[in-house]
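Look at the two complexes coming up: subunit A is in both, with subunit B in one and subunit C in the other.
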Partner chain A sequence: MYTVIIQQALNALQLGAIYALIALGYSMVYGIIRLINFAHGDIFMVGAYIGLGVALFLKPPFLVLVLVTMGLTALLGVTIERVAYRRLRHAQRMSAVITALGVGIFLENFVRAAISANPQAYPVLIAPRTLSLSGVSTTNVQLMVIGVSIALMLVLRYIIRQTMLGKAMRAVSDNKEVVPLMGINLNLIVSATFALGSALAAAGGIFYGQAYPMIDPYMGIVIGWKAFISAVMGGIGQVDGAMLGGFILGTVEVIGATFRSTLRDGIAFAILILVLLIKPTGLLGRPVTKKV
Partner chain B sequence: MKLLEFLDVEVAYGAIVALQGVSFQVEEGEIVTLLGANGAGKSTTLRTISGLLPLRRGEVRLGGVDLRKLPAHEIVARGIAHVPEGRGIFANLTVQENLELATWTRKDKAQVAADFRYVYELFPRLGERRRQLGGTLSGGEQQMLAVARALMTRGRVMLLDEPSMGLSPLLVKEIFRTIGEINARGTTILLVEQNAHMALKIAHRGYVLETGRVVLAGTAAELAADPRVKEAYLGG
Partner chain C sequence: MASRKGIVALLAVALVVATAGTALAAKEIRIGVSAPITGDIAALGQSTKNAALMAEEEINAKGGLKVGKEKIKVKFVIEDDENKPESTATVFQKLINQDQVLAIIGSQSSKCSNAGAPIAEAAGVPQISPWSTNPNVTKGKQFVFRACFIDPFQGKVVAMFAKNRLKAKTAAVLYDVASDYNKGIAEVFKEEFARAGGKVVAFETYTTGDKDFSAQLTKIKTANPDVLFLPNYFNEVPLQVQQAHKLGLKAKVIGSDSWDSPDLLKLGAEYLEGTYFSNHYSPDVKNPISDKFVAAYEKKFGMKPDAAGALTYDAAYIVFQAIEKAGKLDRKAIRDALAQTKGFKGVTGTITFAGSPDPVKSAVMIKITGGKFVYDSTVNP
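On to the complex of A and B.
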């Protein structure tokens, strides 16, 4: 019995890690400019395709591939913000949200036109080996996805807590108007946020391709929604919340699927609604208080 | 020497003209105060200097350098330190982190370290609370943090927007004493205040704004003795 539990826990961690990597981008961008970047799921999808391209053309070692893909996808995120969102920063909230939806549809159709609407098999980047330890069987791929994801999240957490960039990001989230008075270029911080969020989504895309080896131009929609749910459930704007939300959702889905796989998504959304009914700001969301 | 010049400036929020050709100047080493009722254009003036608001006409110069075309974050690097209305501290950052951010543009590591020591000496209460979140500070401490943060940018001119707002008389006194100290150490000060009594006590010169125009100017003593100022701002 307990071997099943451990095995399912590893499955949950793997799925949760991918949700968490994507959820972080939703959460950070929202925290900084109060925009729900609905194109973010599609950035994840493009990240997976960029990883595929890098793998086919450059054939670098795995970690190099991850880093190069993260860098390229970061550029994509920065460009999207610069071209599509920056001018709308002071416009009505709804205009930016609609634009984000539009950017997402653009990305889906761009990939569809440029590559193919058909699912692509993801190249095997790490030769899979089955490992079994006292009855629990797992693969090196699964352990790698979990390990590298957690490492990336720890790096992000360090950046946000300890570095000047991270402090500036938190300051923007607190009081955007005052940030320029510190001599800080607000646009630079927003760009950096999009870069970080997109890079993490790209890592999620590669890991997704390794773990569930098909990708298609529309895969960012459902996975993006679920990552968004994770971010909201954890408390959108909170980095730790996004991670927690991702792992909770991964766990819920794995448990749900062991009972009845068709109920998986229904259970996930039901839990979101329940969490928000009980705690509208999300699990780790701060209540809105301001001292005047 | 003229350090800050504000020449015939017009600023509008949409159709509403907030400053209608305001001119004044601040000499190096001075404390100059802008007095006036709510809506006279005092905060607008400060926000225009630091580049938060665009001007429609006129000039703003710091040490002869035109500030008009510069974005707000570059104006800070040129030497304007702005303590905004309502303090604007970062509530979810610690006291120390609030101060660190103000050194964003600075490369002089050794001087930054010295400035941290100076600021914590000037405001021992902030030193005691350096690991505390800004939002947990009292109103007076938040005001101190806002001033300390402006000091950390090493501006040549400090713009203070209503530093006494919402503070007890005792704290107001303390803040004004500190402003005097900062000025004595060589920082030029442009002070916007509702508390005309305190402002005129500390300032060298002042200007009175009314609905976006300068209606009176003079030394602090002249303004304090002016019957119009007495009646409107000093309670008769």
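On to the complex of A and C.
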């Protein structure tokens, strides 16, 4: 019985780590400019494809591959913000959300046209080895996905809490009008936020490709929704909330599947609704106080 | 204003010319093909298209079909249904209303054929699905046929194989609950395996597009079955066997005809070694019709045809035969000729529609050995 619980916990951690990596991007962007970046799931998808391309053409060591892919995808995120969202920053909020949806559909179809609509096998970057310990089986890939994801999240947490950039980001999140008057370059902070979020999504894309080695142009849609839901469940705008939400959703899905696999998503989303009913701003969300 | 009128006039002329064009081109026999050319099982759509084009080329090289006194060339209108039921419905509407096809070959997966068949039936257009084995596809319909066996038979074949050949006492099933084919055959297997004295210890589901099966497979591992039946499409099976392997699942894995595509091996050959699946035919089984087809296909496309391709080729020739027998380009007459098909000798066996739109054919078991599909045995109905 214990071995099953540990086994399922590992399954949940792997799934949750990937949700959390993507959820962070949703949450950070929302925190800074109050935009729900619906293209984020597709940035995750493009990140996976960029990783595939880098792996096939440059064949670098794994860590270099992750860093190069994160860099390239960060560039993509910054470009998307510069081209599609920046001019809409002061427009109605709905305009930017619709634009984000459009960017997402554009990315899907661009990859479909440029590469193929067919699923691509993802190259094996780390030779999988099964490790068994008294009935619990795991692989080095699974442990790597969980470990590196958590490490990346800790790095992000450090950036936000301990660096000047992070301080500026938190300040912008708090008050977008006054902070630029204090000599902080708002555009730079927004770009940095998109870069960080996209880079994490790219890492998520590569890990996803290692854990489930088949990718297609539409893989970002459902994963994107689930990551977005994780972000909302944890309290959108809160970095810790996004991580927590990702791991909770992963766990709840695994529990649902164990209980009755046909009801997996039903159970998962029932819990989400319950969480929001009890705490409308999410688990770690701050209560909204309206100033008159 | 004048220029706008001019454009309207021009458009009108263009429209007339275009319509006249189709009218002039009407001296050809148009047959629709609905195939998953893109989407999750695109490799299968490609072999469908290959086989259809091959049949078209062969018949036109002979001058076309002999209808009444004249010979008329055949034109296949091949459309992509993306392996989605909603797209299949659109494709069927287009083939019937816009292309005015005489008959439709397709679709391949049962969920798509189930979406297309009511449309063909309502419009009175004969349809043959090459590869859809779910019983509901043809049920209660006059115009819908298939070139393959059905799942009540296939599910039994696999259950018996597990019970008798693999000596399994317990079995587990993991299947896609959102897809008609997978769900149908999983249920037949469960029933037949239990009837044969076995016990189904886990019956787990997922939804199309899922990539993580670890929770379900962990549950299956706890039940410790002798065999694991995966009646799922070839694009998902590799992920499932790989994850089962990583979780340390020891059960022997078996599958069904939805495994048959070269793509299956591209993704997970090492984890599939030694597994078995049921299929419609094997290129290894020697018979003159099959040998000729396999050789021609290999020469043309550089690979062995999968069962979906072979069945599409058979479906095409059944339609050809029916059109010649009907003697006129009339959908109802072709349907009646189809319904009288008896003892048609094709690549995948003998096909008879007299009495039932579901042919009674034998199945083969294929073993994956050395990264290849190898013929194992034949099971007769």
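Operating definition for what follows: the second predicted complex is superposed on the first by the 288 of 292 C-alpha atoms of A that agree within 3 Å, B and C clash if a C-alpha of one lies under 4 Å from a C-alpha of the other, contacts with A are read in each partner's own complex, and residues count from 1 in each chain.
Operating definition for what follows: a residue touches a chain if its C-beta (ideal position, glycine included) is under 8 Å from a C-beta of that chain, and two chains touch if they have at least 3 such contacts.
Since the model is a prediction, treat every value here as computed from it, not as a measurement.
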Which superposed partner A:Q7 touches (first subunit B, second subunit C, both, neither): second
Touching partner for A:S137 - first (subunit B), second (subunit C), both, neither: second
Which of subunit B and subunit C A:L76 touches, first, second, both or neither: neither
A:L65 touches, of subunit B and subunit C: first, second, both or neither? neither
First, second, both or neither for A:L24, with subunit B first and subunit C second: neither
First (subunit B), second (subunit C), both or neither touched by A:A168: first
First (subunit B), second (subunit C), both or neither touched by A:A242: neither
Touched subunit A residues, subunit B compared with subunit C: C
Touched partner set for A:M214, first subunit B, second subunit C, both or neither: second
Touching both subunit B and subunit C, residues of subunit A: none
Contact set on subunit A toward subunit B in their complex: 164, 167-168, 170-171, 173-175, 177-178, 180-186, 286, 289-292
Complex contact set, residues of subunit C against subunit A: 38-40, 42-43, 177, 204-207, 209, 211-212, 214-216, 218-219, 221-222, 235, 238-239, 242, 245-248, 266-267
Subunit B to subunit A touching residues, read off their complex: 50-52, 71-74, 76-77, 82, 84, 86, 88-93, 97, 100-102, 104-105, 135, 139, 142, 149, 153, 166
Of all residues in subunit A, those that touch subunit C in their complex: 4, 7-8, 11-12, 14-15, 117-119, 121, 128, 130, 132, 137-139, 141-142, 208, 211-214, 216, 219, 222, 253-254, 256-258, 261-262, 264-265
